[in-house]
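As written, the chains take the letters A, B, C, D and E, and residue 1 is the first residue of each chain.
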Amino acid sequence: MLDFLVFAVTMIAIWSVVALSLDLQFGLCGLVNFGQILPFALGAYGPAISAAHGGSISAGLALGLAMAAVGGVLVLAPVGRLSQDYWALVSLGASEIFRLLMVNVTPIAGGQDGTAVARVSNPLAALGLALGLLLAMLLLARRIDRSPLGRLMRVLREDDLLVATLGRNPFRVQALVTVVAWLMAALAGALYAHVVGFVAPSSFSVAETFIVWTALILGGAGSLLGAVVGTAFVQFISVSTRFLAAWSGLPFDLVANLRLGIFGVVLVLVFLLRREGLVPERKVRVDAVGP
Amino acid sequence: MLSVRDVTVAFAGVRALDAVSLEARPGRILGLIGPNGSGKSTLLNVVAGAIAPDSGSVSIEAVPIPAGRPEEVAARGVARTFQIPRLARRLTVIQNMMVGRRDQPGENLLTLLFRPGASRRSERALVVDARAMLARLGLIHLADHAAGGLSGGQQKLLSMGMALMSDPPVLLLDEPAAGVNPVLVEQQIVFLKSLAAEGRTVLLIEHNMEMIADVCDDVVVLDAGTVIARGSPVDIRRNAQVMRSYLGETA
Amino acid sequence: QSKEPIPIGVIANLTGMDVKTSTDMVRGIQIAADAVNKDGGVDGQPIKLIIEDAQYKTQEALNAATKLYDVDKVPAVIMFGGSSIELAVAPIAKQKGKIIVNTSSSSAKLGDFPGTVYSVLPLDDIVGKALGEWTAAQGVKSAAFVVPNNTFGTGLMDAAATAFEAKGGKIVAKIAYSEGQPDYRADIQQLVSSKPDAIMTTGYGDDSRTIFKDARTLGLKQVWYAGYPSILTVENEAWMNGHLMGVDNGGLSGDVAKKVGADYAAKFGKEEPLPHVFYGYDALMLIARAAAAPGGFSATTMAKSIDGYQGATGAIKWDVRGQRIDPPIDVISYKDGKFVTTGQQ
Amino acid sequence: MLQILLNSIVYASEIAVIAVGISLAYSVVRFANFAHIQYAVLGGYFTYAARGLGLGFPVATAISAVLTGLVAIIVERLVFHPLRGLRPEAKMIASWGVALAFRSGVAAVFGGAARVFDVETDTYLLGDAVITSLDLAVVATTIAAMVVLQLLLYRTRIGTGLRALADNRDLAATRGIPPDRLTALMWFLAGAFAALGGTLFALETRLQPDMDLQILLPVFAAVTIGGLSSIAGAVAGACILSLAQNIAIGVDFGAVLSSRSWFLPSQFRDTIAVAAMVLVLCFRPRQLRSGGVR
Amino acid sequence: MSVPPESRAAGAALRLDAVSAGYGPLVILDRLSMALRPDEILLVLGANGSGKSTLLKTVMGLTTITGGILHKDDVDITRWATHRRAAGGIGYVPQNNNVFAGLSVRDNLGMGAYLQPAKRAAAQEAVLDLFPRLRERLGATAGALSGGERRMLSIALTLMADPAVLLLDEPSSDLAPAMIDLVFAAIQRIRRERRIPVLLVEQNVARGLAIADRVVVLVRGSVAADMPAAAVQRDHLHALFLHGSVGAAPAIQAQRSVP
């Protein structure tokens, strides 16, 4: 039982960092990124590519971080020309292109079957690393959140022309937060790779991005604690419904479908009951109707 | 000195501005008036860098501004307001005021990480300044209210306050008095005069003729994208063409 | 039968991709478990199955595996999944001294976990090689491949291509399609324009049916030579009659398979069982044999469990890495609505 | 080459009907409804079930369209209406939850395995290109559906009201336009079109509970290329996407450059869809920002 | 707050009895009572943030009403949805956000005629005669119009629906002086010809007083004064504005939350 819990908490900590990085971009800065799995994947593929070609662990880490930083700026580049809705789909597209490349171009890192990387075999060590990373990232995010930079990002979330009019370059702010957030997610990805010991494209599909989004919005976008609470909640539903089978005695294929169904229903219910998320952003209320 | 040379702007065939030139000097308030749709706001947008003109140029102290780059124009000390106010609706009034100030140490990630003290000090000073300005605008009691919940007139005042936070040498105002109650307009007038007296260049668009007559040193009249008259407020009042097309009074 | 049950884990893709094949594999396991339990279980201990969904995702498979090993304390897990999923679980199983019985993945990398991973599915290169040689022997000069883009498909394709070319055949196209697509017109289009004498293929149920349908509508007339033809789903009887043949695991035509097929019909109705039923059945039977062996269930007894076992997929032989070798091979062809065995390789 | 064109047209028809529903809903409620694709799947299954009762295709499809339309209204009442005023991303995630619930419901009732419609088709030859009677029927139905929708939106008062609602809900209400009733109607239309599209799609391919995952990408790419809220755009997007995919995979690039034939491996088909979308988005003309710079 | 007896008179076009309203939990109008008599122009004055726009929005059903009753022609419309009030003849020109920004000027005018599609052509001609500037811009997107052109369009939209009661929120702001003359003359003409009452909110006090019959002054969401337009003195107003906005008692602090 203990190992099971340790593994679950480790995963929650790692995915919380991804949710946190999305929170920086979307919750604070309003960048609707539907490809947030991409920096995570890049971070994980750094070690994978390194391992597949006989490189060292630190080379893998460096490669992952570098790919994420460059990737972030590249994906962000069209944003000036696009309204948010479109950029959301561009980022989604970028993450899919990367995944499909990994599936189809086998020499990079094993194609569909993936690549094994060095594994942190002690579960407690893995847990410690994950919690350490989460704590460090929470502190970093908190410092940004409570700073003038965080305030500027919140203005940007609403009106980029206003930010420009006030004498700041909106693109530079976006690029900064994107690089920071993507490095964050890439660190989580690298840790994920080494904890699981295996990197394959199926871990980085669009569905994963949506799980991160679900966690963030359920937790409360714009609040840092919300990102963590939301991730824990989502993982909790996912894991706890596994016990449904033993408890219900229903046929196995029905149970599998019910699990997903329950996930969907709980998600909708939480939205209906707590519109602003489990841990809402501290904020001032404004009604939709203008004066 | 702010000078606009032969600026022309067309939108999908409509000439909003046609070879407009004007000059605004430090310490003086230049009024810009004209019928609806004559191109006043468009001209202000060109000066602020929000719209790149099709031809012509704008320069400050003889250095041309980067056209179409509002953030760089603002960095040159030009602050502006919008005819329809733009604010961060979900932030509080005081937070809106505080982002008005440029070059804050706390907006630099490295400072934030390695010299948090510098950021904290500048914040403390900034709050004091912002509150002082809010008090001056009669909005201090709303400091912690969401900006999006302000009434129409209050939003106008707040956006003027935001523009003033970075102590700009050049100020562009698009109908600051529209929707503001008469008593506050009187205070605005006093305020504007004091700003000019501090040596700032002010470009003011207004339909409120009393205000124009009261504060402006010079007036430029636009009609259908061209300048049809310029001079002192008194001269303009006497100009028959202006009377007809703009004031609607029979001379 | 009042003794504590033996828990056995199953991880399969019950939602998302590969649902039909996974489901049938689980059903085969259930048939085997019922049979064991009816005979009094393993030394009086009944077998209890704990079935988990992996959704074809690494993360979910890991969650399932840690639950099975740590909470349910299963000694062994039968897995159905892409190689990526099984390869991610394997190190954990190895660390904990547990066993994985693989029923569906044919990646050679699973051989890197001797003593942990045992495959009841033969390696692709065996059947692939047989397919290539046999096709060449039928007098086919040029062929095009259309296979799913996964280890199983491409592994079989590569082995078959090498064997076919070694016998003087010519490969004109190698198409690896993405699984689960709603249609494959564009892929078939490529196939058509390569103008082969014959087509070599393999794949799973729904995808293969769609492939056949698109081939039929786009007017393809060539004969299909398949690896494991029995796992393909024929779409149109008349069109396919006499046009589909190939090499398959020989055991499937044996007596045990017939009995399992009957049990399947009794338990799950008239649906035609996919071969995965038989692989699932054998997987559980081997685990039961290992558990019944003196000393109880362990890597050692597991390795020995195949001795003298005649399963639904024939006799099983493992190499030192736990990979299945030397399976019996049948030649099968599709005639009048069903597959008939026409010979042995 | 003709075959590639035909394939493109058929594929475009399959996704266009589903895509316009998303655009329709987006233009009014301003969020991309992920559940929409699940409505299409549901519609396919409804038609399948109605066929199982021995009904003809037109009747079965009509019943399915009505049922799915009603389902869309119910979801609106239970989920999207109470969530009004939430940010669009939150509604999108909620719609994803709805999609999950429906997907598992469909799988629980119909099983996870694929189902196919039994249809007898005739094959016609145009030069050396092949087209089936089913293809022709699908394309014709799609065109008819588009014409009907276009007339509805641009020639009726309902259309006027919907466009006003899309632009500014409160202001529309002050002009006497009933927002809730029109929104319900819009959902009904979107649901019905989804059902029709899902049925056409299933006719050409197959039905399976998770097929929304397969259609998601091309449909959203089509809608996005077309500009999210424009019906005609969605159709154009479907055509562009379909052509890009079929040409990229169907053309023998090897033969163009040398004598050896070489095709782009077909696994890259989704990559092409996504890349086409990204490219179009990056190079499309800049959108007017809300309210301009005034 | 004492309510002048005439406000209670039956036969008012609009009557608010102790109406409390606001935004979500925030209450802005505080048990406000007033009446709009048939065919009068009632000018509402007040400092910024005193609740004038909120008053009009409340009549239109765009705020949360937490107490009191709202009558139109002696029918209780307190719980009516916005579109029903519009269909019932209330025409409203909002202060901001008052055109369909993404639609063309022509389509905007179409929305104005939504309730009477048959009369669209004639009504459109009439408003275009009033605002010739709009005729030149028929094909333009409303969001691209200048501030004044937008205002004209939103007034035009409302007039096209041929309302029985007019609510105007600062119709003169953004308009050039000549245009204000035109608009105010039009308001007076409409009132005279069709005998419809007008509730007019204005910061341009002089202009407003010139055409109003009666004046109501709002302070912190309540009626502080109600008098004939002719009786208004400048000093009097000055004090009210000062009191309402810049002075000691800020509007916002007077608002209570609903328990």
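Operating definition for what follows: a contact is a pair of C-beta atoms (placed from the backbone, for glycine too) under 8 Å apart; a residue touches a chain by one contact, two chains touch by 3 or more.
Model, not experiment: these values are computed from the prediction.
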| item | value |
| --- | --- |
| Set of chains adjacent to chain A and to chain C | D |
| Farthest chain relative to chain D (centres taken as mean CA coordinates) | B |
| Between chain C and chain E, centroid-to-centroid distance (C-alpha), Å | 75 |
| Centre-of-Cα separation between chain C and chain B, whole angstrom | 74 |
| Chain A and chain D, separation of their C-alpha mean positions in angstrom | 28 |
| Gap in Å, rounded to a whole number, between the CA centres of chain D and chain B | 47 |
| Shared interface positions of chain B, touching two or more other chains | 41, 50, 82-84, 145, 149-152 |
| Of all residues in chain C, the ones touching two or more other chains | 14-15, 19, 23, 149 |
| Residues of chain D engaged with two or more neighbouring chains | 104, 107, 112, 170, 213, 265, 267, 270, 291, 293-294 |
| Interfacial residue positions of chain E with respect to chain B in the complex | 23, 26, 46-50, 52-53, 95-96, 133, 137, 140, 144-149, 151-152, 170, 173-182, 203-205, 237-238, 241-242, 244-246, 250-253 |
| Residues of chain A defined as touching chain D within the complex | 26, 32, 78, 81-83, 85-87, 89-90, 92-94, 96-97, 100-101, 103-104, 161, 206-207, 210, 213-214, 217-218, 221, 253-254, 257-261, 263-268, 271-272, 275, 288-289 |
| Parts of chain D lying in touch with chain C, wherever the complex brings them together | 3-4, 7, 10-11, 104, 107, 112-114, 116, 121, 123, 125, 130, 132, 201, 204-206, 208, 210-211, 213-215, 245-246, 249-250, 252, 261, 263, 265-267, 269-270 |
| Chain D-touching residues of chain C, taken from the complex the two chains share | 14-17, 19-20, 23, 149, 172-173, 175-178, 180-187, 189-190, 193-194, 205-206, 209-210, 213, 217-219, 235 |
| Residue ranges of chain D in contact with chain E within the complex | 157, 160-161, 163-164, 166-168, 170-180, 288, 290-292, 294 |
